[in-house]
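In the part that follows, the structures are each spelled out as structure tokens.
Two complexes come next, and they have one chain in common, subunit A, joined by subunit B in the first and subunit C in the second.
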Partner chain A sequence: MEIVRPTTLDDALAARDALPGADLLAGGTDLMVEVNFHHREPEHVIALRRVSEIAGWEGRRIGAGVTWTRMEKGPLRALAQLSRTVGSPQIRNAGTIGGNIGTASPAGDGLPYLAALDAEIEVASAGRGVRRLRWDEFLVGVKQTALRPDEIIIAAILPEVMPVAEEFAKVGVRNAMVISTVSACVMRMPDSTWRIALGSVAPTVIRARRAEELLGTTAAPRGSLLAEVADAVAAEVRPITDHRATEAYRRHASGVLVRRLVGRCAA
Partner chain B sequence: MIVELTVNGEPRVATVPGSVSLLTVLRDELALPGSKNACEQGECGSCSVLFDGELVCACLVMAADCDGSDVVTVEGIGTDEHLHPVQQAMLDAGAVQCGFCTPGFVVAAARLIETNPTPDAGDIREALAGNVCRCTGYGAILRALESLAKGAS
Partner chain C sequence: MTGTTVKVPVRGGVGESTMRPDGIPKVTGNFAFASDLYADGMLWGATRRSPVAHGRIRRVDIGAALAMPGVVAVLTQADTAGRRTFGLEEADQPVLAAGAVRFWGEPIAVVAAHDPDTARRAAAAIGVDIEELPPLSDPEVAVEQGSVVRHIRIRRGEPDASGAVVVEGYYEVGQQDQAPLGTEAGLAIPDGEGGVDLWAVSQWLHADHEQIHLSLGVAPDQVRCHPVGVGGAFGSREDMSMHIHLCMLALRTGRPVKMVYDRAESFTGHVHRHPARMWYRHEANEDGALVKVEAKIILDGGAYASTTSAVIANAAYFAVGPYRVDNVSVDGYGARTNNPPAGAMRGFGAVQACFGHESQMDRLAARLEMDPLELRRRNALGSGDPNATTGQIIEGSLPTVRVIDELAAIPVPDPADPADVRNRPGGTGLTTDPGDIRRGIGYALSIKNLAFSEAFDDSCEASVILTPMGAEVRTAACEVGQGLAMVCQQIARTALGLNHVAVVFTDTSEIGSAGSTSASRQTQMTGGAVLKACEELRDRILTEHGGDDLTDDGVVRGGEVVATLAELCASGPIEHRVVFRHPETFSTDENGQGAPHADFAVAAHRAVVDVDPELGLVRVVRVDTAQDVGTALNPMSIRGQIEGGIMQGLGLAVMEELVLDEGRMLNANFTDYLLPTFADAPDVECRLVEEPGLWGPFGAKGVGEPPTISSTPAVVAAIRDATGLELIRAPVRPEHIVLP
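Right, the complex of A and B next:
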């Protein structure tokens, strides 16, 4: 195995260009599990943790190398909430937002936040430079992304208009070290519209558009509207039955989570 | 591949075969078997080390990426003559059963006490959330650290 340890983005992109099949290594919390279990035997690795251009977080731009520990202590409420639920302190010290985006697991805890915000993913290559894709252009299937073999994820770009209220919650079998059975992020925007995103209930993170429409611009939804929203969410998610939960449980939990989070975001 | 790193304050040179983890190199190449190998997927915490000052699972660190890094293992936390306060507190409280998870707990707890000398019960549980004890001996571990924190406050 050969490893490249670039310290600048230019060097990282040059390495990516020269070794298009190389595995990208950031926190190692996904890649090393595959390596340890012999599911993957990397020939070439590009280690990204020394690349200063992707390590920073400035305003709306969260560098791909920013760890859960940093986001847990950051100013964005739902992002801090979800970061706090990732793995354990050990995992949060290593794992990064860029890795979460690149792995593109349906259960990726950072992804409902990016989906609810309509965030963009910034990628770069040596040949074509920088391009930005909206979350739903980038995340195209179970562990499938639109990242090209010569590209590296650079940052998550948050929008200019941020919510006035944002909440995240997930259901799992215990508090620490747990992969989401269902996760949800709800936001109330300055124009009074709502955003609802869910994870672990479809091949990619999804928005619950029908439920968002039902909420309209109601600042403090109650009673029958909340029940209708929960039903709409349960109907529009597309979960599977697996070892973590049944489809029916995931539909039910999706509705319950969203109903609670809408209540917490209400004016 | 040859990797130069600092382990427990001493410069070390390790021969790294392929994509193996830091844990494998610590145990098999550097004769430091204190960090334990159990789940190999970051779930159990028994291989917890300080990597450039941060608590991580050594099984999830690619050794080939460790050139220039500073690593502290359980062997660097205390000595036989001078136990770390966390080790003494765990000894006093009988916070060891089979002992396999103990090194990971010691490293995680030492890091907690270093960053927050007077943690409350919630802080302690949160800081140890990535360490699993198959003997389920959590009660004594928590009591050991709570008494240590009380003594410091």
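Right, the complex of A and C next:
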């Protein structure tokens, strides 16, 4: 196994160009698990931690190398909430938002936040330069992305208009260090519209559009509307039954979580 | 030399919370575990396992693997020189499968190569052609078909006896794994004369030794099993895993061979707790007095016998719990299926039965509108009573009423601060607001046999050697992290009156068997052997030298030292070796009646849980306990066993389960086999109830298993209390609460 350790983005992109099959390593909290399980035997690894251009976080631009620990202590409420649910402190010190996006697990803890915001993913390659894809253009299937073999994820780009209220919650069977069985992020925007995104209930993170429509611009939904929203979410998620939870439970919990988060975000 | 001496009590003797000698090395990372073993020139082993739960092996082609650079040997069953099977109670498990595979992950071939990666690739390159057959994965079907390792039948009293109140229930317990943090690891080194030395994780070196030399086809003295650092056991090291494979590879290659299972292979490479299905019927009088208990218990033993016959016996003998009842009927079946083999795990059959009988006692209490502890107190089994199942008179202490009363006396503290999300169901997942929480309280009692049962000759050898420095205790018992070295030190210090005691764990060629580190037995058994050896050695020395005391200064007579330790050892260290046995136990008759057990311990648990019923999430807030410990030899260490055992019991109550699909494990990893973390840990207050036992050293009783047994049903009872649901299955999953 050969490891390239670039210190600049140009060098990283050049290495990526020269080794299109190489595995990208940031915090290693996903890649090394696959290596340890022998699911992946990398021949070439490009280690990105020394690339300063992707390590920064300025305003709406969160560099791909920003760790969960930094986001946990950052100013964005729901992003901080979800970051705290990732693994253990050691994992949070190593794992990055870019890695979460690149792995594209339906259970990726950071993804509901990006989906709710309609965030963009910025990628770059040596040959074609920089391009941006909306989250749903980038995340195309279970652990499948639109990243091309010569590209590297550079940053998550948040929108100009940010929510006035945002809340995240995640259901797991254990109180820490657990893969979500359902996660949800709910936002109330300045124009009083709502954003609802869920993880672990479909092949990719999804938006609950029907529920968003039901909420319309109701600033403080109550009673029967909340119940309708919960039902709509339960109906529009597309979960599976696996060893972590049943489909029926995931539908139910999706509705409950969203209802509670809408309540927390209400004016 | 003579001189006066003032008697100073030993430090670090019995009853003190001494530090364990292996403690600091372990917490500072300096302790060598089996995975740290190394020998110059060693090869690495790997195992090829069955990809199916049941099938006929048509062909095993080792050619491609053997041809790989760096591969030194590939062995199959044809290379087994001696007995081709092994097993603790019945040698029914192939060392390497040939002809048929009977469980997913069964070893078919082993490889030795220059490095671990090459070994693993070579194992994968072995061509295995298997005709897949439908697996027998349902233990009830297995029992119907007569695929049973052991049926134990208990009939006591009048079958027609009846009570005014009847409660029936069906219960299930899922498959728990011991999940020791240290995976299986070992190193075998050939001695150049046809024999082999093995260092591999174990709970019982002599049982390994006997099975290994038989399968290698060499003389007993050509195999030596050595003690090694074990990173947790909980029963999983009682059966061998890689042991024979390593020795075969070492003898074939003439080189040291090391193996370390990774986490996934560890899950397939050791036995697990038996999953259970249980049908219960309790009849009682209006005043709560039990009249009759009927039970049928099916434990799934998986593909091979392992210890299933003893585990199902335990489940049946303790099917009623620590209660008096004159009319009992129990049928226990240890089923043989194509699921992964089940064997020993902390609690050993009593865990499953306890979930059944305690669920029933709560149902009965609810029916009678009686306080659940009061119902238990009214029926409590005590010293002098006959055990409800076997009729065996309990001869030693059995403070069932006291553990109930001591538990009840522990105050229920105020709710934890709900402002801290870690105290709520769902924790940092932020699922749950304070208003979503309902609190519940549940109780459970348990009884467990201590040491080996059913006429097994439970002998235990130990030696003590007096040197000019002090004393050295020698034993082949396995220290698996439970604190045996420490307790042997304490016993020897107190018994000899000497401060300087070293404990040396030796190999099988140097000393006789200490028996297994299981069944809560080593404090009583090896501890008992050490006490006997020390007392006899002290008496011998004092008699020879006319002394009236032994101290660090030497033999003392009338306050004067008459012989120093150096003088006592002038012609060499003085060794005294003993074999210790507990009171004889007996097989039961065709009705399960008799005296199969050597000693008993009881425990009581109270769990307080916070439940978010709408999401099915549970936070176990507290688990308090009172436990019958005989005499507390080391209170701090007992507390450690209790807290750890409660964590394991909590795990079975709310999250730990191996999920199988037609015999295949779906979660053989720590991502999805969830163990409780510290964020899930309850506060624990424990009361040690000390009524000295019959024969343990200084009245001590084993303490390792009881904390795990009744903590599970107590937690589930608390969840029932919070939700009003029946909850017939452990572990309780969120969907059981949300969508019952």
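Assorted remarks:
We adopt the following convention: the second predicted complex is superposed on the first by the 267 of 267 C-alpha atoms of A that agree within 3 Å, B and C clash if a C-alpha of one lies under 4 Å from a C-alpha of the other, contacts with A are read in each partner's own complex, and residues count from 1 in each chain.
Everything below uses one rule, namely that a residue touches a chain if its C-beta (ideal position, glycine included) is under 8 Å from a C-beta of that chain, and two chains touch if they have at least 3 such contacts.
The structure presented is a predicted model; accordingly, all values stated were derived computationally and were not measured.
By the document's definition of touching, of the two partners only subunit B reaches A:P89; subunit C does not.
Once chain A of one complex is fitted onto chain A of the other, the partner contacts of A:S192 are absent, as it touches neither subunit B nor subunit C. With both structures placed on the common chain, the touch criterion links A:T8 to neither subunit B nor subunit C. By the touch criterion defined above, A:T29 reaches subunit B but does not reach subunit C. In the superposition on chain A, A:N175 makes contact with both subunit B and subunit C. Of the two partner chains placed by superposition, subunit B and subunit C are both touched by A:F37. When the two complexes are laid over each other on chain A, subunit A has residues 33, 36-37, 175-177 in contact with both subunit B and subunit C.
Across the interface of their complex, subunit A is touched by residues 120, 262-264, 422, 426-431, 433, 436, 614-617, 619, 654-655, 659, 666-667, 669, 671-672, 674, 676-680, 733-735, 738-739 of subunit C.
The residues of subunit A lying in touch with subunit B in their complex are 1, 3, 5, 25, 27-29, 31-33, 35-37, 41-42, 45, 47, 49, 69, 87-91, 93-94, 175-177. Residue ranges on subunit A touching subunit C, taken from their complex, read 33, 36-38, 81, 84-85, 167-181, 242-246, 248-249, 252-253, 256-257, 260, 264.
In the complex of the two chains, the subunit B residues touching subunit A come out as 1, 18-21, 40-43, 45, 48, 54-57, 59-62, 64-65, 67, 108, 126-127, 129-132.
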